[in-house]
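Structures for review follow.
First subunit A sits with subunit B, and in the next complex the same chain sits with subunit C.
Let's look at the complex of A and B:
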């Protein structure tokens, strides 16, 4: 036992050399104490993959988009899953059968014998009911509630049978609900025991992999679920590394740290010319949409002729070359190819038409030129795009002043509850993500979204009616026509100049056989060894 | 000495509190509704209001600050509104990665920079001194992120000597060390230059002092004169610089943690600011500010301990 006096003596006797020696020894001891813990199983099959952000929640009600869903889709089951490939479709997962029996009813029957982990029993229709209906519960405050659209309830028709009931037809259920975030089925028993919601651990799962560990900011580790109903998962472990920078991810791939990653568009040309050994590059179209919006309520931009002049000034091919290295195509609207409502061509051609722009300027009484501002998020591609827009607009006499914003400031620019800044927006370069249903694209441009996500403050009753109607129309042909019409209206208003849907180039090692959605996002549960 | 220590500690606490209050005001001046940014595009106004209340953003700013300090004195840094984990767990989970990175970088820089500075001083105006001078300036001017990228390309991609990303397997010491080499090299390189130039200048100054001349006059071995008498004094400014340098290394660690996709407090602050996760921002800024203040205070105290002249002046 060290007494107060002996402590004092110790300190007194400790000279500087002893101090350094002791510190060094302590440091070494601390460092080497973990050597004994090294345990490596070299014969494990491990898939190492990059995610662009860290995991946030293992609760489907609070999943924050694709990075969480990449994990959820491995550890949970859904009635149906996205089918890997170049065209959007789905395949059965937990459902033995599923059928749209009428506009508002989907009947399903679960495969018997799907077991939840942790001794939480077999999956039944009650679990499906609980999983879907809890997201509708306002008290839960799920941000994913809109994905269920007009879902009313799930009725339990038997141990394995149930019916998903909607208040009105909701075709997007097949595209963005059942095979996506809110379609994950959780164990009612386990969740109720956990208090109704979970955070970064999960009490029970049923998918091909189990959630083993989350190392914040470093990686998420999934391990094979030996009791998975679908057979044997391909890998012993999946390690998901959150790497937000695409260049870092590319270096990690080239150094052998990861097996698959999305690439930056700028890297594709070089890598295709000289690909890393034993690797494959594939390019997928993306669902993102990029456009230049114009605030129709801004004093300067209220003149439709000026907006149309800007539309004709912007040269999309030049932007694609400069900002996207020629790896992306011009878009025709906000709905990507392969989805219902995609337009084969836009009304304003992608190429600029300076003469026409000058005509519109003259009609607006602005022959002498005009100054406008362009708000841009401070990403390299956006800055380049803004510079190209500046250059081509200058040819017509439109002087563009570019305002750069960091992400937090940018994403609140049009928010009318965050001050008066939304009024100052004139031109804005914007980029939205998208799920594979056209309703996901058009929802942000209705009148109710003014001051929320409709920063152009575009408002048209006919558009609003069409948006509501298209979402609830079952006939694909009719939906297609309505969504095309909506994009025509947006373009005619002059408030939108559509740029691109970007692209998703991916690279993977030939030792694995990856599986991607048609937009290039990985479906990890379907990855296998080559 | 005891009074001096108490005075420095009290001053450190005041500095941390002021810095945190200032930062609290600054981050609230940045545009953007944190609740909306956190919840994403599909959040309803009711959800946004509920989240604002959970983050305490519906309260006046002075009340928020007072509440923060009130909780702090109870040892509570708050809860992360995204993952519902205690902020203290998150911050102290990330802190060791950054501390190891900084410690390794400093040790690496000191092991090369101090001998290099000594050698230059003892061989003043020789070819080796000139080469050392050029190399030191080159190291100082090389930005950490450029060094990081090039070291990745050379040592990870081309030579495959070291891994490119991450911090290594938990519990696997050598794996963690191999993940530490390149990031530490990236942020430590410029410090080699700093330390070499600093030690050289200090050594030259000390070598010209009376007590060194006296020691030589007594016939002491040159080795004893240099390492026992000269270096002991010449090293003092280096200790101070290393203390202050902790703060700079913290910011250099941010870039390095992003480029190497390493966990750490710099990356945590960056991500939290981007997502406006204020409880985590405040917790992590508080801890890193405290770290900076502690390291400068410690360097002052070590200086006083090493130099009897400083002790005498207290």
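Let's look at the complex of A and C:
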């Protein structure tokens, strides 16, 4: 073993000639290893892709975030899957047929012959029942239970037939349950043998790929499932690399280490002007929503006039230019274009109106100026946004002190179970991820979410009622109207200034044919060679 | 003092160091006069410009003049360095002399205190403190003071122990001189030389620490300019423009070189024996 000291001694004794000899040998070794890797890569078709985070769980009841779901959708089957493209829709996977027979019942029939790995037999309606109902079980404490909404049970009508039964209409099931995290079907037999839940290994799968290996913080390796019911998966292996930073991911792409990655918005302009050889850049609208929230229970922010003054101070176009390089559009609310409930325009225009802000300040008796704090997660775009807000608010006499927080501290700020800090929040710059159903956006702003995710502590019984009603309404037109109304109410309260839904630029090598959701997230199981 | 300055200027490295230090100190002090723009004024239309007559070092993502931000950033760097090293030096001298001259039990307690602080890696200690109390310039200064006290305290203690056994101290003691007189008239002047060298060598380290914390967003609050926050902007924009990185790096390199050259020259002047032992 070479210790630190012996390394130092080695270096001390190394003369120039020895250095050159050693470098040559190392260079040859590196070259040989590259050649070996190329040969290896030629023998196998390997898709190398970047994920923004590491894998955390292989149990659909406990999966956390997009990375887990990207892996799950490769190794498990669902009744339906998101269909790649620019419009939100779904396609059949394990289901031979599926139909909403009335407001609270969905009937399905599985394709026969879908085999679970590990000798756990054929997929039946019992497996679907087990997969969905276990998530409802309070004893399991699944973090993903809310995604099933008003699911009551799954009845088994035959070996392959079953009915998904809801207590009340639950239209989001088609958007955020069946084709998403909680829609993954696991083997009842395998799971029961494993004790009811699994962690970072899985006893049995049925998707186009098998989970081969997880190297924490290094990569996750999936390999082709030779027994997949859907035919032959496109790649021998998929290597998923967790790379948090988009600049780093871009370097990895340019050096050939990965085949596809999301890009930072700041990189798009330069890359479009001078794209890397043999690559394609595509831009997708994102579902994320970014907003400035105001804590209505904080003593300083309790005055609605002050909140409205802040709304009118914030100049969204300047933020989009400075923080998002002009590559993102202003949002009109928390529901992105393309989804039910999206508003064509906000009540407060995106541009700042300092005169109006001053009127509201005068109405609040604060025409002499006021000091407020803005809590921000310490990320480049957020810090830039905060400084734009600071500058435009100063024009109206609102002095904004920016408090930067690292991730752990930031995400516990509004959590009332984590101390009293939630009371000190005045302004907060926030960003939530989103699934393709409006209920996924509004659910966090009801009264019950105060101190959990509702950091503005906004509370309105009418909003709560609407939220519950909209989730259980089947008619899309009625839903649309209700979700628009909810966003109107949020904006009228003065507690929200909507900024943007961001955007998702992606780059991929032309040797592959990628498949993305309409919001630019990869659907790895549908990637193929070009 | 004049003699020391004259001798420093006769050494090439000392002269370069002195010029760099004077240049940076004066430019920071006169930032309000020299800077062509308000360092926090936004001009998004002119964002990410390269160097030009209007903007000598270009502009950042908010269109702020980088040259002006670098000059004002010098004020932050020097403020942190002077306040924290001044305070750490004062407390370190006091504790070091008390440890060296006081009873054994007190010496043990103070040394235990020093060892405890030194057992924490400075950056980790800084990050933990900032995470606990929140980022601000005051927090950075506090962290640097606490972590620097043992450096000065140990040197002073060693020097005090060495001087303590000298005959002239014993004679003073025998003649009834007070402890304060002995420490102030005899011990303090004898320990100041090494301390001045140590402090001058510490200044770039402290400035780099402040820049590092600001780079991580744990130093000064926006929009206050700091060399570290300019570097951070530069890092995130490296694919768009190299100028913020260059603008943030230049003063850090210059001030590190300046104080290092000056410190080494001072060391040679004050303690030539020390140089041979290094």
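To be clear about the criterion, the second predicted complex is superposed on the first by the 488 of 530 C-alpha atoms of A that agree within 3 Å, B and C clash if a C-alpha of one lies under 4 Å from a C-alpha of the other, contacts with A are read in each partner's own complex, and residues count from 1 in each chain.
Going forward, a residue touches a chain if its C-beta (ideal position, glycine included) is under 8 Å from a C-beta of that chain, and two chains touch if they have at least 3 such contacts.
None of the values given here were measured: they were computed from a predicted structure.
Peer 1: Kindly classify A:143 by the partners it touches after superposition: subunit B alone (first), subunit C alone (second), both, or neither?
Peer 2: first
Peer 1: Contacts for A:383 in the overlay, against subunit B (first) and subunit C (second): which applies, first, second, both or neither?
Peer 2: Touch status of A:383: second partner only.
Peer 1: Which partner does A:120 reach: the first (subunit B), the second (subunit C), both, or neither?
Peer 2: neither
Peer 1: Kindly classify A:64 by the partners it touches after superposition: subunit B alone (first), subunit C alone (second), both, or neither?
Peer 2: first
Peer 1: Based on the superposed arrangement, let me know which partner A:404 touches: subunit B (first), subunit C (second), both, or neither?
Peer 2: second
Peer 1: Considering only touches as defined above, state whether A:322 meets subunit B (first), subunit C (second), both or neither.
Peer 2: So A:322 only meets subunit C here.
Peer 1: On the superposed three-chain arrangement, identify whether subunit B or subunit C touches more subunit A residues.
Peer 2: It is B that touches the greater number of subunit A residues.
Peer 1: A:267 in the overlay: touching subunit B, subunit C, both, or neither? Say first, second, both or neither.
Peer 2: second
Peer 1: Would you check which partner chain A:308 touches, where first means subunit B only, second means subunit C only, and both and neither mean what they say?
Peer 2: Touch partners of A:308: none, neither subunit B nor subunit C.
Peer 1: Just to be sure I follow: which residues of subunit A are touched by subunit B in one complex and then by subunit C in the other one?
Peer 2: 247, 406, 408-409
Peer 1: Taking the complex as given, what residues does subunit A use to touch subunit B?
Peer 2: Subunit A reaches subunit B through residues 16, 31-32, 34-35, 37-40, 54, 56-57, 64-65, 138, 141, 143-146, 199-200, 215-219, 241-245, 247-249, 251-252, 254-258, 406-409, 411-413, 415, 417-419, 421, 432, 444, 453.
Peer 1: In the complex of these two chains, what residues of subunit B are touching subunit A?
Peer 2: Going through subunit B, the ones touching subunit A are 30-34, 36-37, 39-47, 50, 82-85, 90, 93-94, 149, 152-153, 156-157, 160, 163-167, 169-176, 258-264, 267-268, 271, 273-276, 305-306.
Peer 1: Provide the residue numbers of subunit C that touch subunit A in the complex, in ascending order.
Peer 2: 40-42, 44, 47, 61-63, 131, 134-135, 216-218, 221-223, 232-233, 235-240
Peer 1: Spell out the part of subunit A that touches subunit C in their complex, as residue ranges.
Peer 2: Subunit A residues touching subunit C: 247, 250, 264, 266-267, 269-270, 318, 321-323, 378, 380, 383-384, 386-388, 390-391, 401-406, 408-409.
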